[in-house]
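In what follows, a single structure is set out as structure tokens and then discussed.
Labels run A, B, C and D following the written order; every chain starts at residue 1.
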Amino acid sequence: MSSSLGTLFRIHSFGESHGTAIGVIIDGCPAGILLDEENITKQLQRRRPGQSPLTSQRKEKDGFEILSGLHKGKTLGSPIAIIVRNTDIRSEDYATWGDIYRPSHADYTYHSKYNFRTPIGGGRASVRESVARVIAGALASQILKEELNIITVAWVDAVGKVEAKLFDKEPMKLPKTIEEVEKSIVRCPDEKTAAKMIEVIEKTRKDGDSIGGVLGLVAWNVPPGLGEPVFSKLEAELGRAFLSIPACKGFESGSGFNGTLMNGSEHNDIFYNTNDENSKLNQEQDKTEQVPELKTHTNYSGGIQGGITNGMPLLVRTAFKATATIFHPQKSVNESGEEVTLKAKGRHDPCVLPRAVPIVEAMANLVLLDAYLQQRARNPEWWLRWRR
Amino acid sequence: MSSSLGTLFRIHSFGESHGTAIGVIIDGCPAGILLDEENITKQLQRRRPGQSPLTSQRKEKDGFEILSGLHKGKTLGSPIAIIVRNTDIRSEDYATWGDIYRPSHADYTYHSKYNFRTPIGGGRASVRESVARVIAGALASQILKEELNIITVAWVDAVGKVEAKLFDKEPMKLPKTIEEVEKSIVRCPDEKTAAKMIEVIEKTRKDGDSIGGVLGLVAWNVPPGLGEPVFSKLEAELGRAFLSIPACKGFESGSGFNGTLMNGSEHNDIFYNTNDENSKLNQEQDKTEQVPELKTHTNYSGGIQGGITNGMPLLVRTAFKATATIFHPQKSVNESGEEVTLKAKGRHDPCVLPRAVPIVEAMANLVLLDAYLQQRARNPEWWLRWRR
Amino acid sequence: MSSSLGTLFRIHSFGESHGTAIGVIIDGCPAGILLDEENITKQLQRRRPGQSPLTSQRKEKDGFEILSGLHKGKTLGSPIAIIVRNTDIRSEDYATWGDIYRPSHADYTYHSKYNFRTPIGGGRASVRESVARVIAGALASQILKEELNIITVAWVDAVGKVEAKLFDKEPMKLPKTIEEVEKSIVRCPDEKTAAKMIEVIEKTRKDGDSIGGVLGLVAWNVPPGLGEPVFSKLEAELGRAFLSIPACKGFESGSGFNGTLMNGSEHNDIFYNTNDENSKLNQEQDKTEQVPELKTHTNYSGGIQGGITNGMPLLVRTAFKATATIFHPQKSVNESGEEVTLKAKGRHDPCVLPRAVPIVEAMANLVLLDAYLQQRARNPEWWLRWRR
Amino acid sequence: MSSSLGTLFRIHSFGESHGTAIGVIIDGCPAGILLDEENITKQLQRRRPGQSPLTSQRKEKDGFEILSGLHKGKTLGSPIAIIVRNTDIRSEDYATWGDIYRPSHADYTYHSKYNFRTPIGGGRASVRESVARVIAGALASQILKEELNIITVAWVDAVGKVEAKLFDKEPMKLPKTIEEVEKSIVRCPDEKTAAKMIEVIEKTRKDGDSIGGVLGLVAWNVPPGLGEPVFSKLEAELGRAFLSIPACKGFESGSGFNGTLMNGSEHNDIFYNTNDENSKLNQEQDKTEQVPELKTHTNYSGGIQGGITNGMPLLVRTAFKATATIFHPQKSVNESGEEVTLKAKGRHDPCVLPRAVPIVEAMANLVLLDAYLQQRARNPEWWLRWRR
């Protein structure tokens, strides 16, 4: 079903942007985990509109309520249902649209699909739905941290033509923590580029226009062996998860589109043995049966080979188009098929990229955790070796 | 499960590249369809190695055997199992690799995942697995053609730095049929660019190296309303399907990564009413209740808005890295963790792009057909309007 | 996932019996349906404790709140989330149990499974979870009625040794409507047997004991063709759905266990042609291509042959054991492994059968609707013939 | 999809009874297991027709071919595809049926469903499909034995009115091994009852008639904690699996339908502490954190409480109706709707019960193994305690 994601760590999202509530059920969470509610609040804060001058000024407190799945703060193993009520709904802003199909929005496609016009304001196509993703992703990140020490960090890598392109720089200089990214309101850890991005976004807002960009993401400490062959290769699952975010139009892993310009002799990542004295080899097991722990000199593979992680940092990038809502007059067509002119009112982001950072992290964490649970189901010896 | 794809039109792939057979089960196919076996043969021919001087010289006849699901050539509604036996397996070519982890192959990641070394030659990570995809995709394309007149055409849009970039040209000049693409062995419909691509690939082969590139794909006559909200947006499902192909490292729909450079005011696709006298309005239904049939002047959305098709041609591009097998000596590490040097023997493609064309078409058709069956399950009135 | 059910009409249940709320997400509902909220209320009333002297006196108002999926009362095609808050939680009743594993409850098995003791009161194993099923089932019954005129009616067929055995009587005398069943508080449409059942239940309550029984169910107007071959045969899906209800220990379709005593020559249901002038043959279609509409003289098959409905009334029976909670002192063991004696306090049903009637109807309707949506996805011509 | 079963250990069945081959894909099998091919052969022998005078004389050698998923006899973790070609197809036996809908067969329902008549001989509704189940079940039983020492044994508990009713006797006298059951060709371990059953079946064959019966099944050494709450309770999954077998009309776990006659005070299974010095407590773990290992004095729960195993032997029974094929003349209707008389020719079982024994065992093992993999995915600490 299209509102569900995952195989073993599975989420079900619900709620329209201008309905009663947005929510998520998280099913398949192991029992006995002390839920870090503060982390959920923190991630929702990073996602919510109105957080900085760069974002939409819609004010949602985004206080969440946990309806099930916990006892004394610990997970029961049963479905965890969490809801966030919609409080600042100004439908009058939308009333001006009436029965017009807004350009490059989902109005026309939803109407065509359902023969029923979804409520003005975007319904399920709105980025408000991502509240569900961010809540579930916060729990996923907690478990990945506790079990495998995986840390996932995303950042704004480009806004329009202003590019940070952190992958081209020294890989080990990629941000190691969310805090490094949070220093800037535009969520680009490269200070100078961040300043230019802010400038571009502010100019775009003044112009009543919008602008797109690219996010980068790294996941640290991912052990080798995550991801499933053939149709659930890790980049396939990540790509699906990212491309399901509103306005996302592209995804690449490792060298991506630029990698197509390289020959195999350049692009191949050469292995070396870490010979790490402190490696995670479980002393009780026969060392000779162990797969050696390798690294590669370059990382054009982005940490994934044959769809499965190889122990190098996971590197992906994803493209977001300019939001469709702009404050210029635009021609369009209404439900009766008549050509009309419309102009948006309301509160919208000139650039969704900074708010998309926690959403993209959430999706990556959901995919990684699901891959981890599948892997330990089939190969618990692997779990004995790699658990923290 | 990672060897299964789809919700209602569902395929199960099996077989290792150097095992007994490769095969596919197609489950959920409607009954009473006269299977076009010639089309399967034709698509397998386009995929197979040895078809042109540009490809690997491994010789697989790829004759297929249908084990179930048909009666007098027609589908029964039951699972259709089709197998292709592996006939030209020269394991000795692979014996030289011994226990070495080949750079940027899946040897190390599979070993890490399963604690069991898959047979030399790639196992499930090999592009040979795509035989299953192409067979199932051929049936999907037949049904899409018969029911909705959908035609899906892919082509080689770039080889290394040699680019056709057909999306930047007059959109209606994109190839309308597979035949237009088949005119060139490199499968680029732009004659001059095709010649340059062939040159580059031949030079690459002589150098014992490999090279990547980009495929473009268009699907014609896609009605509005296909794709499911939130996690199964059409670009999400297409992205997942493409990124699951070996060596695929990137995916974009519509304007993709380049679209991030545009403002919303440029990028928005403006609707107009086709006022088409010959439109598909079902005369028996009340016209006034119908959603009007719209088109857009530009198509930066690539035919998808809010994850659902809008009736414009579907446009996507996808990046393939250079294949990892090259004939240069390379350093690597073996299973005992020792550093070694290896050099490939055997038969491999210097550039997988031409052979990837039918695979990418197959994946697109599988995704579109599954979306179509889901749509008509929920909204059969839609089916009455849009069926051929 | 074990809290989800269905393929196209899919529900996700959540909530513990003594937590904040019980709820359900209904995903895959077609758009544009005016939700009959009164029917949901009515079905919840039939399920709730305290409705009659025969049931537990726990008082839940079971007022529900719809959080998503509707606009002006009509379904949007998006997930419909509905919650019911738990209001009358007297945990002190449960405090007396402390750390004792109650006999034939799920305390010990849940503890063994999760290494974490679920909250006293039953958690997910409680029949309170069935609120989710009844809500979703009410919507399913509405759609089945509107689209196919299917009416599903269950009744109490036996309480302990007091049996109505309605299948053995004139089949056409089975209850045609829910109202016929509602005439008696024990929900047995056979007046005399109902009186005896009430007597037995009241005696059992006075004894501080509990008692089991059997439910019968008929679904009227089910067209031929529902159910999917092999693992999703209709009786398999119905059996799974019923056996997932707490305390359900058996399921049979048609002649069931008694049918094993018959020879094939008795048991075979002989077809005849209805020659029905008013049959649903769609006049626009070529009559000669139509499958004739048949009936059978007997109905030992219970309306299902080869896992697929044959157009006869659907007949199933299902067994519920006596509830485990009784008011006699019982020996047991606590979490430390010590043997102890316990005696229940609180509010419990001496016989769950009457309250199980709407739950069983709900499960049957959920299974039938899902089968219907799958059937029309694959064979919309069938839908043209059989829709109301 | 209806030809697939399981969540983590997942099988896909294909093939028509009179088509080219029957087969199965087993997906999700852990890697590195040395497949016991002899066990597959042995189980297929127990299932095949012609094995004894009691069964159909159709002669299928049922030699199987493994197409994928193994390397040097060991599982790779990839899909294992196994096929059995159909060799003794006498379609002429079926030709006499022509276009008649056989009573209580699936001819009419399949035709209604697909608008396409499946090939004479039963197609997917034939018990021949169970070859796929038995192959996959043999592998499942091997893994359950190796990992948890689980032994699953089924037997013929009743043929018509001749009943063994082994559950009513001393529970520890239930058969401990398949060998105990194999001593009799009717597969009833109670020697005297077996003799009577054989007599009844032989008389039935002479009469050209058929007869039904009941199977019993016990699974030994099942640890507590298997089964998933709510919709995937273990009895729900077992019930679904059994009721999906052709001719199966009923399922009960533990006390089943007879249990409805008991009061709770009789039916509750009282726990006691095993105090087992040799219990499986993992010495490295803190004993005090362990859930104690309990047993119950009676086992009316059949080893399942709240849908989850409790460590007692798993006990279920299942009803099979008389096969529909008999050699008496019967009235029926043909595809044109005309009433006709038919008489069967060919080779059919007067009683399917003995051949159903390995099928039922296979289904139970498939369900148990899937539950085990799910349990260790979520709670690997449980695995450390209970693995062999």
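Please note the rule applied: contacts are C-beta pairs under 8 Å (C-beta built on N, C-alpha and C of every residue); 3 or more make two chains touch, one makes a residue touch a chain.
The shown structure was predicted, so the numbers you read here are calculated from the model rather than taken from an experiment.
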Name the chain whose C-alpha centroid is farthest from the C-alpha centroid of chain C.
B
Set B-C beside B-D; more C-beta pairs touch across B-D
Dist(centroid_CA(chain B), centroid_CA(chain C)) in Å evaluates to 44
Taking the mean of the CA coordinates per chain, how far is chain B from chain D in Å?
40
Which positions in chain D touch two or more other chains at once?
1-4, 13, 28, 31, 77-78, 113-115, 124, 229, 379
In the complex, chain D touches chain A at residues 8, 28, 30-31, 77-78, 229, 373-374, 376-380, 383
Of chain D, residues touching chain C in the complex
1-5, 13, 101, 103-106, 108-115, 124-125, 129, 158, 160-161, 204, 207, 209-214, 223-233, 235-244, 246, 248-257, 259-265, 267-273, 275, 289, 291-292, 294, 296, 300-302, 304-311, 319-326, 328, 330-333, 335-339, 375, 379, 381-382
Along chain B, where are the residues that touch chain D in the complex?
1-4, 10, 12-16, 19-23, 25, 27-28, 31-32, 65-71, 74, 76-81, 83, 113-116, 118-119, 123-124
